[in-house]
Amino acid sequence: MNQADVSKLMSQLRIAVRPTKRNLKNPDGPEGRLLKLRKTVTALVKHERIELYYNRADEARGYAELLISNAIRHGDRHKATMELADYWLLEKQLVHKLFKVLVPRYENSNVSYTRMFKAPRDYPGMYYRKSVLELRGNPYPVLTPDNSQNRNLLHNVLLDEARKEFRREKLANLANKLAAETENATASTTATPAQAPVTETQTEQSKQAEEAPKA
Amino acid sequence: MAAATKLLKKSLVGISQIQQYRNIAKSAISASNGHRNELFNQERRRQQDAVGRLEKIEVRYLGLPEDVTLVMNNNISTPFNCAQHLSEGHCKRSALALIDGSVPWDMHRPLQESCTLQLLNFNVSDPHLVNKAFWRTCSFMLGAALQRVFKQEANLQLHSFPGPNIKSGSFVHDIVLGVQNWEPTKAEMRAISAEMVKLAAQDLCIERLEVDLDLATEMFKDLRYKSEQIPSIAQQHQNRVTLYRLGDHIDISRGPMVASTRFLGKCTVLAAHKLANEGASDAFYRVQGVALPAGFALNHFAYGLLEQRAQKLNPARLPNEPFEEQRQMQLS
Amino acid sequence: MNINVRILTKSVAQQYAFKRIVTFSTKPTQQAAAAAVPQQQEVTGPTVRKPIVPAHYRFVYPEFLPDPKVEWRNAVREKLERLDMIDRRRQIELPEFYVGSILAVTSSDPHAAGKTSRFVGICIHRERCGLRARFILRNVIDHQGIEVVYELYDPTIQKVEVLRLEKRLDDSLFYLRDALPEFSTFDENMEAEPLEEGAPVPINDIKVVLRPRPWLERWERQNLLGVANIEQYIKDKHRKSAEKVQKPWEKYDLMKQYRATIPEEEQKEIFAEVHTELHTLELQRKRNKRKRTFVKPKHLA
């Protein structure tokens, strides 16, 4: 039962965080691990979509998310955050990108800043799982097929037809109702023709009123 | 404890009894069905033997991952064999093949000449042809499911199913039952739906076979309505009749159909409308349902709307009307 | 109209108030009922605006934050523990204190004369969270260093007084064990030194002087700020080995920090839950203090 560290305050990540880190085997120990991940984070910020092994992508993802969330939280006037950005981004023009491009992009976002997909691996080839890591809002075409847009897909055809039929029925109902009303009106009184011009003038007035603000 | 085992035993006995009854009841149907299947197998073997000398054809495959030319065997290789050369994913996903950019072709139908080949699935940009084949397959599977579900006493006879029309909102199979006042309950409909799902889970290959008129009449001589339809169908197609087989269920259809029952995802059989009386004790019924291909996720509310719509009587051509397909074809 | 509705909801809430079931009780039922009343104000629902939790709460009440280790998290257990902690805080005043503050703890002791013992000392360490939160007090009595470990929510503790509220330069002061005794010697009859209200907690930047080696720990490796004369006792080999074990990259290891902290959103949720209770207790304490200061001169006269 350890006490939580209260000296630092961090925003909650919107991704699933593993309880422990992966060591990402390398001869230089924990420092080497960070040096390795630095390259990945730099590449992610630079290219916005990268394909790499799953484990490394999953580890780098957390660092990239926290880097962006810290940048959003503290801004570019905060010395510690600047130091962090300086450490994590190997190419220094990317520090500008972080604060001037990514921070405005994600300021009001309420989902994670990155997305990760499982990618197919070559067969035969290295047996490690592969993945695609990308920043949200990147300029590339989306990776997941969007089934809702293609109107020719079976479910969309069915739904469109159902919608049309529903409208048809509604219109038919309305027409029936109107017909019934006019029948009733003609049967009961002869006042309807007198009322009709009044409504017309009203609609004209309202039309004029609508046009006035436009002019 | 003892009581529980007793109960269990009782229920077990009950189940086995039911199965026995079922077997007895089915035996009569299965006799004619078995004969039909035997003829089907013989004819298929005969057609395969008749190929004779192997001739090579060049099949130009267009699509992902890259366009390739495959050298295949004439009258033996199917689009599925071509997909096997490409990848497992192609085999699993492709529902229908497109020959020369325009002719839909069953995945398990041998190719007959050099051609270009495209493999279609349900997610292609214009899935019109696949959807149609899927809808037809659903009707066909519904026939198989009905055949499995109904007992001998019900006197079920499959009549036909009209051409697939997705815009009508439901797939249809017309049947004749030995009851004139059947009001299907929800549980009954659910049982038929469950049978459809079972068929889908079995992943049965849908086989296609073209036979000539004489063999077709021989195969369907026990089935009154089918043997009535066969001559007019054969007349339109140069005395040939196209048969499809799913498990041991054989039916007449123009095709094409999707490669396997596996492609059926969400499926509900919703209504059986009585159309007309037939003879003294029988009646026509139209069984309707709605289905989505496997892998299509639709929320239950939207699917509920589709189900509601599928319950209304489908306006397709009625089975007891005169056979007007010829005129329809002329019109179109 | 609006008031009526409020009163109505309140009365309804009182009827259906959530009564916690306790298997054993350490307090009279009347008090429990009185204590249950402020909770109902929360129940009245969306009309009550959510209290704004002061930012310093995580320093004052660090034990309310759960263990960041994911495998040990349990939302229900944590919530129940928080309820128990507040229950305990209603019984006894547990003041704000930090590592480096000087405390006097009075606790029940069956072997002591008068069945209570009072120990004055400097808090050298705080650890653990929830009901298990504890701290270590250190003092030198009769030339003998004494350390006592107290659990903050131990029911045998009768009184916790803060005699001098201050912080030191380091997070834990274990090095006092190797320092000269005068740095951890405090008078048992020390008077409380009250701070001005609203003033920030002062940081005592005193640098302690260590004894010569051997030490209990290798202090040269720990980057201590509050020690004056480490350089005096270490040789080159110590310096080299100390350099070897440094981890300068850890300040960049964001995920390590994330896994050691509770995220801000979660902290807000936790403190929003206990804030009203803690705040009322604080106010009560202040009122009591004022009363006491008023009474004292009368007694002297």
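A, B and C are the chain letters, set down in written order, and residue numbers restart from 1 in every chain.
Throughout what follows, contacts are C-beta pairs under 8 Å (C-beta built on N, C-alpha and C of every residue); 3 or more make two chains touch, one makes a residue touch a chain.
Because the structure is a prediction, the values reported are computed rather than measured.
**Q** Please indicate which chain is farthest from subunit B, where distance is taken between mean Cα coordinates of the chains.
**A** With centres defined by C-alpha atoms, farthest from subunit B sits C.
**Q** Report the most central chain, judged by the distance from each chain's C-alpha mean to the global C-alpha mean.
**A** Located nearest the centre of all protein C-alpha atoms is chain A.
**Q** Measuring centre to centre with CA averages, how many angstrom lie between subunit A and subunit B?
**A** Chain centroid spacing, subunit A to subunit B, equals 41 Å.
**Q** Determine the centre-to-centre distance between subunit A and subunit C, using the mean Cα coordinates as centres, and give it in whole Å.
**A** Roughly 43 Å, centre to centre.
**Q** Taking the mean of the CA coordinates per chain, how far is subunit B from subunit C in Å?
**A** Taking the average C-alpha coordinate of subunit B and of subunit C, the gap between them is 74 Å.
**Q** Give the residues of subunit B that touch two or more other chains, as numbers and ranges in rising order.
**A** none
**Q** Okay, in this complex, where on subunit A does subunit B touch?
**A** 145, 147, 150, 152-155, 157-159, 161-162, 165
**Q** Give the list of subunit C residues in touch with subunit A in this complex.
**A** 58-59, 62-63, 65-72, 126-130, 132-133, 247, 249, 252-267
**Q** Would you tell me which residues of subunit A are touching subunit C in their complex?
**A** Spelled out, the residues of subunit A in touch with subunit C are 1-6, 8-13, 17, 19-21, 30-31, 34, 59, 62-63, 66-67, 70, 84, 87-88.
**Q** Note which residues of subunit B are touching subunit A in the complex, please.
**A** 122-123, 125-128, 131, 134, 166-169, 290, 292-293, 296, 298, 302, 305-306, 309
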